[in-house]
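Each of the next two complexes has chain A plus one more chain, namely chain B in the first and chain C in the second.
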Partner chain A sequence: MKKPKIAFFDFACCEGCQLQVANMGEGVLDVLAAFDVVEWREVMSEKWDKKYDVAIIEGSITDNHAVKRIKKIRKKTDILLAYGSCATIGGVNGMKNNFELDDIRKYVYGESYKFFPTEITKAVHQVVKVDYFVNGCPVYIPEFVTVLKAVLQGIPYYVPDYAVCVECKLNENVCMYAKGITCLGPLTRAGCNSWCINNGNICYGCRGMVSNPNEKSAQDILAKYNIPIELIMNKMNMYNKCREIV
Partner chain B sequence: MPIQNLNINVEYLTRVEGHGNIVINVKEGKLETCKLEIVESPRFFEGMLRGRSIFEAQHITSRICGICACGHTLASIQAAEDALGIIPTEQTIKLRKILLDLEMLDSHLLHIYLLVAPDLLGVKSFVPLISSHNEVVRRALRMKKTCNDVCDILVGRHVHPISAIVGGFTKLPGEKDIENMLGLLQGMRPDMEETVNLISKLEFPKFGRDTEYVALVSDDGEYPLLSGDVGSTDGIRLNKNDYRKITNEFIVPHSTAKRTKLSRESYAVGALARFNLNYEKLLPEAKRVAEMLGLKPKCINPFLNTAAQLVECVHCLEHAIGILEEFKKTKINHDEQIVVGLNENSKIPVREGNGVGAVEVPRGILFHNYQTDEKGYIRNANCIIPTNQNTGNIEYDLMKLIPEILDKSKEEITLLSEMLVRAYDPCISCSTHLLNIKFI
Partner chain C sequence: MEEYQYVVLKKELFNDFIVRLAGIKKLIAPIAKGYNNFAYEEVRSGEQIALKYIPTILPAKKYFMPRNETLLEFSTGKKSNVEAFIEYESLTLFGLHTCDIAGIQCLNMALSERPKDYNYLARKNFITIIGLECNEYCDEFASCHLVNASFPSGGYDLLFTDAGEYFIVHINTESGEEIVNITEIFNKAESLHLNELTKIRENKRKVFSNEVPIERRHIPELFDRSFRSNVWKEIGERCLSCGNCTNVCPTCYCFDIRDELELDMKHGRRYRVWDSCQLEPFAKVAGGFNFRKERFVRQRHRYYRKFRYPVDKFSRFFCTGCGRCTRTCMANISLKETLNQLVKESEDRVWKRWL
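Presenting the complex of A and B:
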């Protein structure tokens, strides 16, 4: 079998998800051996002007230039994989959408703000068709490897649609609500093995929301601990603001 | 005969973090244009922070950069704690120092092996090295993974650390964890030695331009990375709260660009700046490597920033091992483990305040500044990143370099210009604030 030609592209992001690949250590060589890596600006000077089999997209779409670029990539690739929160759900870049765009441009760039065009932050699938989603900020490498295997086999990958709490319970963590603080685990898609809670922090919702959250139970929890709904909404808007775009 | 007319336009410079272009134009033997353009899409972090809880600042600003996420984390925590009036415990400071050592190691190794070594070995990227220098690539990935594995134990992960937050750590390493971290780092020593051997055999381009170097300085004997005053090789020393007097943002006439300068037209930050200011405080093992590489302060060849990074790798590895050995004897006090979240349980008192964080991260000194209201929500935020401070200096370097190499071919000139920019290890993803942007 001919090795699929794969390319990495980054849009508005921190490039940390690309770095997660390098963090696989020597194992990355086995993964890369299954593909023919033809373009990857952060670590390669080589360029490729023909078609790709797989394009891995990191980052969100935040200006006109990016819209044109992602559409061009979509035309050149068979499979498009959205990689990391910024690409799959808009991620932290979406917080920008909490503000008037001109207001936030002026705040950061002052008088020169007109030279910094920006548009409402969008996730990749809100601009072009996406075939595979690898959620997380950063991505969870075991899940990425699973997705790559699915790509190689030509089968779909379904992001878990149950709450982080499922994994968190299996990991025997004490619930953050029981410790007196709020956590987005009950609303957030699993698949990260409750990474943050295992390390004593809370879930910030970086993997996107479950499609059918248990609202009744969430309301009970909020009532039980006397938590205002605004607090939870504000937390959700850290990663998930782009969900409002139709 | 040297080149009379030359037009170089490197779009999307590769093997750097983020998007930048180099534009060079020589007409009738005279350099007319020489610019490093930053073309990364702005992300407006400082604007987005307004109205968020100070307890979310670390989580959000870590996402400015995946490569130096631990560095942003530490600068953010320092600024937030300064604003809230929190004084970290000695144990917390020591653990943070280990984290910063790991950050330096991890980032410098990535830069040395994956981004710079291909130039010195005459190939386009690390990919051809997989077959031609397999052992080198494997060693690089192995060392990188070790840093990552130690970070996993210490803070949950290296890219966007989890447990290091305002007030301390949400999870503290146990006895076994300390031993594991120690074992992993001690195990890295032979690979580090091989790395030094490899780099000492490679030849860096010869070039020099005297400039002002800026880095943290301190009065104690430790190589200052996590805290200190801000000093320069031109004799400046200021408190971190006066960071605006260091960066002196100004607008270049005929362009919309803001720049930073101190005593001269530009200054440099990063490994070479730290080396030049604090050479005496390096651990003996690191000094020995500097000697092997022929590196002495004050070194004014920016290409040797990569060599200074290697010296720092050795220093940070030994420094982290030293602290861990101490912890092996004294043990970690687990009563210091904290649960904070958004501070819903009000365990940490909040106040109206203004705090500054100044931390040496891989690419140089990083400033975070937050103003909080009485409820602990962020009113204003400002982050000044190393690459923004270096951009002006890189351009002045290019202006001196290009006329000196006009007898070379266009390809060689392009490559040397790229290598010069790359030597600074610019991190354009970090450019939250884009002080030095230029439009032609």
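Presenting the complex of A and C:
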């Protein structure tokens, strides 16, 4: 079997997710043995202008240039993989959508804002077709590897559509709610093995909401813990603002 | 009660006993995790053990059906090869309450049915169970008496009862007797000890009573009448479908089986993981149809799976009253409260018929 050609591209993001791959240690050798990396700005200077088999897209789509560029990449690749929260759900960049576009441009660029056109933030699948999703901020490497295996086999990968609580329970963590702390686990898609809670943090909802959350009940629970709903919406919006434009 | 079936362990020798027990094979017991949470974990000495504890986050089923268990390893290509696996470990579980022992009895029944679960059945033969009886309720969420799990009724090798200065220990099996012989730390039980045990049990009968106002034998009927009850709708509106209630339940055993290949695409393994009927994708089948799409249908299913269906199949409830599902539920869906509501609704209906 010929090794599939794979290329990494970054859009609006912090490139932290790519760093996760660079930090994989020995595991990265198995990936490199299975794929032929032809373009990856963060670790190599070569560029590739022919077709690739797999394009890994990091970052969200925030302006006109990006729209054109992602459409071009889509045409040149068989498989497109959205990688990290920015790409899969819009992520932190989605916070821009809380504001009027002109206001936010003035705020960021000052007087000369007119020279910096922008658009509302979109996740990659809100612009072009996406074949595989690797959620998370940053991505969870074991899940990324699982997705790569699915790519190699030509089978779909389904992001778990149930709560982080499932994994959290199996890890036998003391529930944040038992400590009187709110946690977004019950509304957030699993797949990260409850990474943050295992390490003493709450879940921030970085993997996006389950497709059918019980929002009414979630609100009641917050009321029970005397937590203002705005606080949670802000927390949830930190990663999930783009959800509203789907 | 026959004296020869009982021995006594002085409390001051407890630590020595645990150290010796841990020397025989890997020893698991409840430990404190803070915030009144407990978990079964490996221990080596008596001080690590929480003798007074409420049911652990996960029940002991995690040792009988690991949450991620390899079933097969295989290689692909011309010389493809498949090898079946049974992963097991020799263990002693110390300190199981009677509700948790009942949970294992349920699993034993369900997984001995044909087609038998050989992995489970093989593994269970390597696990020794030492129970620890509750003399009072763990907390207000328990409903162990209702389902006949508050008093010991087999399923263990040894059973410890706390009698203040000492433990009275019931020897129930040969492996239990072996432990008594190897550790050489127990004394013979005298009639005074057995009298004490009788007293403890009498007192227990005063402490424990049906936690829901219904007689055990009427529960199946109650469920027969309640399939269309509004109680389910109301629970469904509150449920977040987080799956916590089933993952922590000692009698839930549903699983999913998956295959995964290595990146080299030459080797792989088939494994199983716990699954939950409360999760939205659980009942989704080919074509995208979901036969338990609504939350209330999933919650109702959970309750019938505890209180109605197993009665026909196994002549027992598949609820041990441990209260874990209630403790873990952020939406405050309480098993006792649900049963109470069903009883009340059903009584109201009877009254209406009379009026």
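As a working rule, the second predicted complex is superposed on the first by the 238 of 246 C-alpha atoms of A that agree within 3 Å, B and C clash if a C-alpha of one lies under 4 Å from a C-alpha of the other, contacts with A are read in each partner's own complex, and residues count from 1 in each chain.
Note that contacts are C-beta pairs under 8 Å (C-beta built on N, C-alpha and C of every residue); 3 or more make two chains touch, one makes a residue touch a chain.
Not measured: the values here are computed from a predicted model.
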*Touching A:Ala218 in the superposition: chain B (first), chain C (second), both, neither?*
second
_Partner touching more residues of chain A, whether chain B or chain C_ = B
_Which partner chains sit in contact with A:Cys165 here, chain B, chain C, both or neither? Use first/second/both/neither._
second
*Touching A:Val31 in the superposition: chain B (first), chain C (second), both, neither?*
second
*For A:Gly154, is the partner it touches chain B (first), chain C (second), both, or none of the two (neither)?*
neither
*So, does A:Lys179 touch the first partner chain B, the second partner chain C, both, or neither?*
both
*chain A residues touched by both chain B and chain C?*
179
*Could you please specify the touching residues of chain C with respect to chain A in the complex?*
33-37, 39, 57-58, 67, 237-244, 247-248, 260-265, 274, 276, 279-281, 295, 328, 330-332
_Partner chain B, residues of chain A touching it in the complex_ = 11-20, 22-26, 28-29, 32, 37, 40-46, 62-63, 65-66, 91-93, 95-96, 98-99, 103-105, 107-109, 112, 115-116, 118, 137-138, 176, 179-183, 195-196, 198-202, 204, 227, 231, 235, 238
*asked:* Applying the document's contact rule, which stretches of chain B touch chain A when the two form their complex?
replied: 12, 14-19, 40-48, 50-52, 56, 59-60, 63-67, 69, 110, 114-115, 118, 124-127, 130, 137-138, 141-142, 144-145, 148, 155-160, 162-163, 165, 169-171, 256, 258, 337, 339-342, 344-345, 429, 432-434, 437, 439
*Can you check the complex and tell me which residues of chain A touch chain C?*
1, 30-31, 33-34, 145-146, 148-149, 152-153, 158, 160-163, 165-166, 169-170, 172-175, 177-179, 185-187, 210-214, 216-218, 220-221, 224
